[in-house]
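Here it is: the structure, laid out below.
By written order: A, B, C and D. Residues from 1 in each chain.
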Amino acid sequence: MITSMILFPLAGFVINGAWSLWSARNGTRVSPRVSGSIATTAMVAAFMAAIMARAQIPATGSIEVDCFRWFSLGSLSVDFKLRLDALSSIFTLVITGVGAMIHLYSVSYMEEDEAAGKYFAYLNLFCFMMLNLVLGGTLPQVFLGWEGVGLASYLLIGFWYREEANVAAGQKAFIMNRIGDLGFLIAMFIGYKYSGSLDLTTVEKVILPAGVGTSFVLLIFLACTGKSAQLPLFTWLPDAMAGPTPVSALIHAATMVTSGVYLLARLSPVISQSATGMAVIAGIGAATALITAIIACFQRDIKKVLAYSTVSQLGFMFAACGVGAFGAGVFHVMTHAFFKALLFLAAGSVIHGLHGEQDIFKMGGLKKKLPVTFWTFTAGWAAILGLPPFSGFFSKDEILHQALVSNSGSAWLFGVLLIAAVLTAFYMTRLYRLVFFGTPRMDQAKFDHAHESPVPMALPLVLLGVLSLAGGFAGEPVHLAHPESALSTPTWVIMIVSVIAAAIGATIAFRRYSVSEVKAEPTSDVFRIDAVYSKLFGGGLGVIASASQWLEERVVQGMIRMVAAVTDLSGNMIRVLQVGSAQAYLLMMIIALVVMVFYFMKGVV
Amino acid sequence: MTAFEPWMLLVVSILVFCIGLLGLILRKNLLVMLMSIELMLNAVNLCFVTFSKMHQLLDGHLTVLFVMTVAAAESAVGLGLVIAMFRNLRSVDSDQIQLLRD
Amino acid sequence: MDFPLLAFSVFSTIAILGSLLVIFKKNPVSSAFALVLVFFAFAGLYALLGAHLVAALQILVYAGAIMVLFVFVIMLLNQDEPVHDLEATGVIYRVVSALTVTALGAILVRAVLASKSMTPSGALTDEKIASLGGNMKAISEQLFTDRVFHFELTSFLLLGAIVATVTLAKRKSRGEEGEV
Amino acid sequence: METSSSLSFLLTIPLLAVVISWVIPKALQRIYAIFGSALILALTVYETSGILFSSTTEAAKAYFVDQRLEWVSELGLSAGFRLDGVSAWFLVLSALTTLVAFYLRGIWYRKQPRLFVSMGFFLLFALNSAFLATDLITFYLSYEAVFIPMIFMVGVWGENQKASAVFRFFLMSFAGSILMLVAMFQLMSMHHAATGQWSSHLPDILKVVANVPVESLLWPGAGFLLAFAIKVPLVPFHGWLKEVYVNAPMPGTIWMSAILSKLGVVGVIRFVLPLFPAVIKEYQGALLAVSAVSVIYAALLAIRSNEGKTLLAYSSISHLGFVMLGLFSLSSEGSNAGVLLSVGHAVTSGMLFYLLHQVEERSGNLDLTTSKGLATAYPVLFSGLFIAVLASVSLPGTLNFGGEFLVLLNAYRASALCTILAALGVILGAVYMLRFFQRLGLGKTGTANPVDVLVKKDLSLADLLMVVLLVGIVIYGGINPGIFMKG
């Protein structure tokens, strides 16, 4: 059952990939409907398999399926095996479930794109890799998925590759992810060195010496910052919005970016050993949550707002992991997957309805025009604000609670996260208000042409809306080791505080943007992080590369020229002896003979 | 006064060989160079026969017969070459043959 | 002074002096005649060693055939006048050559003096050869039994040499450079 | 059970192919070359199948063959060959590379095709002999014989600056191999001093070298290492490479990058590591550092390259830096990983250069300063190129990943610092390879191109077949890399 779960998307990828390649070669087109149906069917089948597999998991423990021996060398042997337990099961359900809906949504979203076959192939490839990531029983296999989703992300961000900007965004994502992957690689080496194996079951249990443990945790976290767009490496995610909107929903909101949380939760026994490492994770998570929430308040592009919001929400999850509340983090992954996928799809529906308009200051008053989108967006909005009883309420509240009460938590952490929550409410309400209410700020013609999306797009919206509403009642999906509480603040106090915080943010935004003439705000890269990075890394790399080029041209090539000159010189010297007379050569031969006889037969003659 | 012993012939052979070699190195006249080669061949022949005597074998004699055959062939071809060269260059000076130089 | 030593002294002196004449005479014809002298001296030395067949062949082949060839060519090419090629070479070259050849000779002589006598590896003493019917018969028997293959090979060599010489020396049927 | 005749067979077949190529009409040379090399590839795989496809190294050992032919035994000259888990794969690789190189169409089939084909087969012979050699002199002769066809390749069918390229190539390689020859003579005289016998046979010399103090092995070791460092090449001995790669015709580049560079790898595995373990141990840190610096430095140069072939040339140096890192980790695991990565690099670089030639045929140049956007016009070609690019950045699931991963894993135990430094090359690799692909394939079409660039045919079926074969190897090797590690 587990095997078939990953084989369905793979089959979809192979079929769609081969078909679109073949038709590209012959100059024919792949029917988006057919290839979309194939891909969606594969995902639905995988979802069924995931549900059935979920039922088979024993109460405590996991199912393991050994597929084949991947490689072995010396004492190391790495199997290709799938491991399903409560944690990975949650992820598989989210990936296949949300994935199936987004596939369905895409069938109609991509209807007019001539490369739809390729698109669905990539999407299936992504799901296959993502399932490998969460089901992998060994670290290299997780790494396979880890890099594989990066690849799929690169392909899909740069899907419309004729625009240089899209390609550049894809490359940025891939390279920043690679920086993180370096951390993953080296962490694997450390894990192998100390546990003698790369099996997750073994590595999970390994006890690392203090210093090594910290570097292990930090390296793993480096990988997470790349994949999950945390503070030093988050700038790729907003750029990644260059891809088609369903891709943003699936990859850059619901699944791939949460794989960092999965990895931390998966390795939680090792991670918890290092207090320093945990503190760094919590700190960076909270800082990311705050900083990107601030940036989100200054965005005009509907997708960029959601992208920064995603980064901010991921910051919440990492903060939870950092205080030891891995369960809360995973819970938020799940609810976030529902409401953020919903928000993105709804945004996609808006963009689709407005024929590509993405600027929120050129929207407004769409409530009537796009009723389904409006109501489902409302559910998502309420969920991300954390209004009870929407799903986000439960998970966010849990995170805030743990940030305050757990041993490694603190009032500071709680405070930062609370401010981030207020800001979240502010920018989401700003978006909500500007898009759906007030007077339309676009051409009348465009407004008139705005239309609700067709059923295949609306259906996933509704389903995700229901999940955003009710998903929180499922409760914390996995029971990972809970942090010990230092304080005994009751839960209900936190609940009230967080709801009040959300209400404050929402109210400010509503009041600010309820004036009849909304002034367009310029987009602002508040902290200029991107610019600094491109100066620092782009420039730095350029300088180093120039230096090596200089070294190459002057020193290395100079060395060659020197060797050539020496050869030339000695050639000229030897040329003197080449008089061109056979007798002179004979004489030299005899001289050499005499010298050799003298040298070698000293004792004899 | 000592009696004659075969090794003395070896010394003679060496001397003649070296003289032939010297001639080969010093002279530019191709005819004389060929003669020097004949001298060297003869010296070697003498060596063979002497060794044959010292070893009490006849192989040396046989070898000399073959060397003589080769020497005859060699001088015939060599002299043919000298004639051919003389035809082209009007000279038998070895320094005149330098087509390969530089 | 017994006869072998006397004969050796005479023949070897002639051989060495003749060789020197060969290489130092200005006129190729003189060199050729000195060479004949050397060949005869060698024949004497062979006879001294009891190699009668070789001695006879030395006179027949070298002094007879090869020398005739040389003299014939010298005359053909009008080379019977002094040449001054020796003086054309530099002094340094001449000195270096002489020293090198002397060194080579010294090494070889040293080697000979270091191993004047050797244990015979065969058993064909003079008496044994006499009992086999003489030097010539003994050689012939070996030549036409054990070495017959090699003997036949030399005929190919000679054939090749003949063809080569004819080709080289053949006058071109046309062309101005054909006259000698 | 294999018999020793299989070795002679593997060595004589390419020579036979050389002879036959002289009686094949010019028009049929390409067909002959392709079928001939395919046949040789099939025969090589068949003859070595016992080793290639056995499940473990232990099982493969039953098929290892040692052969020694006496030559001049008084001087210890003999010809020694050994077919084992390392050489078997390199034999297959050299046959495969030859097939790929012959498959390309180009000027070499119009100008003196007979010379080209016979030189190609001769190169195959020399390579096979070098990969199998266990005798110092045999190895040296084969190692040098490889030059002959390569010099013809660059000299006859090369690009603009071929004279300078040939000169540099010859100079640098010869400088290295002459030092190696001196080192070989030193080893042989050590053997003579110890046993009174001359021998150039590796097992004989190994017995003697074990008792020689480290100090006297330093210079021979340095001679060998330098020769291989130039061949591979390692920074800073790579100066010859760029000009030669760029000026060589594409088949020559394929041969050089895919298989000639592996002569150095095999040399280190066969000769340097067994002969001078103590010396290498002593200088392990420096050697690892040189390898790591090669990775980084070449990657930086690749980032700065503005021409497709140059970029791939530097990327080749960078990848081989990883291989050497594996070898110098001084464990059998590291060596095995190095072999695996060598195989990976050979297949991927063969594929990259092969497809690059197709791109060049269509666009006329490989300038990377402007985007070409060719992927729209040639989707299949660029899909293949993309897979090659992915393999080259060693994405998991491709052949290179296992190699690079295991190399780094083993090198980490030897030196964490050098490993981390080299691992930075993984990032830089992504930077330059993605830029390479983007500039050739992506972006707006027709901005920098004359229109006729975009109307040629996409990959032909025959070319597609070759690409599918190579992609198959890359993917299969990604799933089952263990097959390449039988050392």
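The rule is short, and it goes like this: a residue touches a chain if its C-beta (ideal position, glycine included) is under 8 Å from a C-beta of that chain, and two chains touch if they have at least 3 such contacts.
What you are looking at is a predicted structure, and each value in this text was computed from that prediction instead of being measured.
If you compare B-C with A-C, the chain pair joined by more contacting C-beta pairs is B-C.
With centres taken as mean Cα positions, chain C sits 6 Å from chain B.
A separation of 94 Å divides the Cα centre of chain A from that of chain C.
If you average the CA atoms of chain B and of chain D, the two centres end up 54 Å from each other. Separation between the centroids of chain A and chain B, computed from CA atoms only, is 89 Å. Shared interface positions of chain A, defined as residues touching 2 or more other chains, are 587, 590.
Residue positions of chain D with contacts to 2 or more other chains are absent. Under the contact definition stated at the top, the residues of chain B that touch 2 or more other chains are 21, 25-26, 28, 95.
By the contact rule set out at the top, the touching chain pairs are A-B, A-C, A-D, B-C. Interface residues of chain D facing chain A in the complex, by the touch rule stated above, are 167-168, 171-172, 175, 235-236, 238-240, 297, 300-301, 303-304, 331-333, 336-337, 371, 373, 375-376, 379-380, 383, 390, 395-397, 401-402, 405-406, 408-409, 412-413, 416, 419-420, 423-424, 426-427, 430-431, 434-435, 438, 441-445, 458-459, 479-482, 485. Partner chain A is touched in their complex by these residues of chain B: 21, 24-26, 28, 94-95, 98, 100-102. Chain contact summary for the complex, chain A toward chain D: residues 21, 24-25, 68-74, 76, 80, 140, 143-144, 146-148, 151, 154, 158, 161-164, 167, 171, 174-175, 178-179, 181-182, 185-186, 188-190, 192-193, 541, 544-546, 548-549, 551-552, 555-557, 559-560, 563-564, 567.
Residues of chain A that touch chain C in their complex: 584, 587, 590-591, 593-594, 597-598, 604-605. Considering their complex, residues 580-583, 586-587, 590 of chain A touch chain B.
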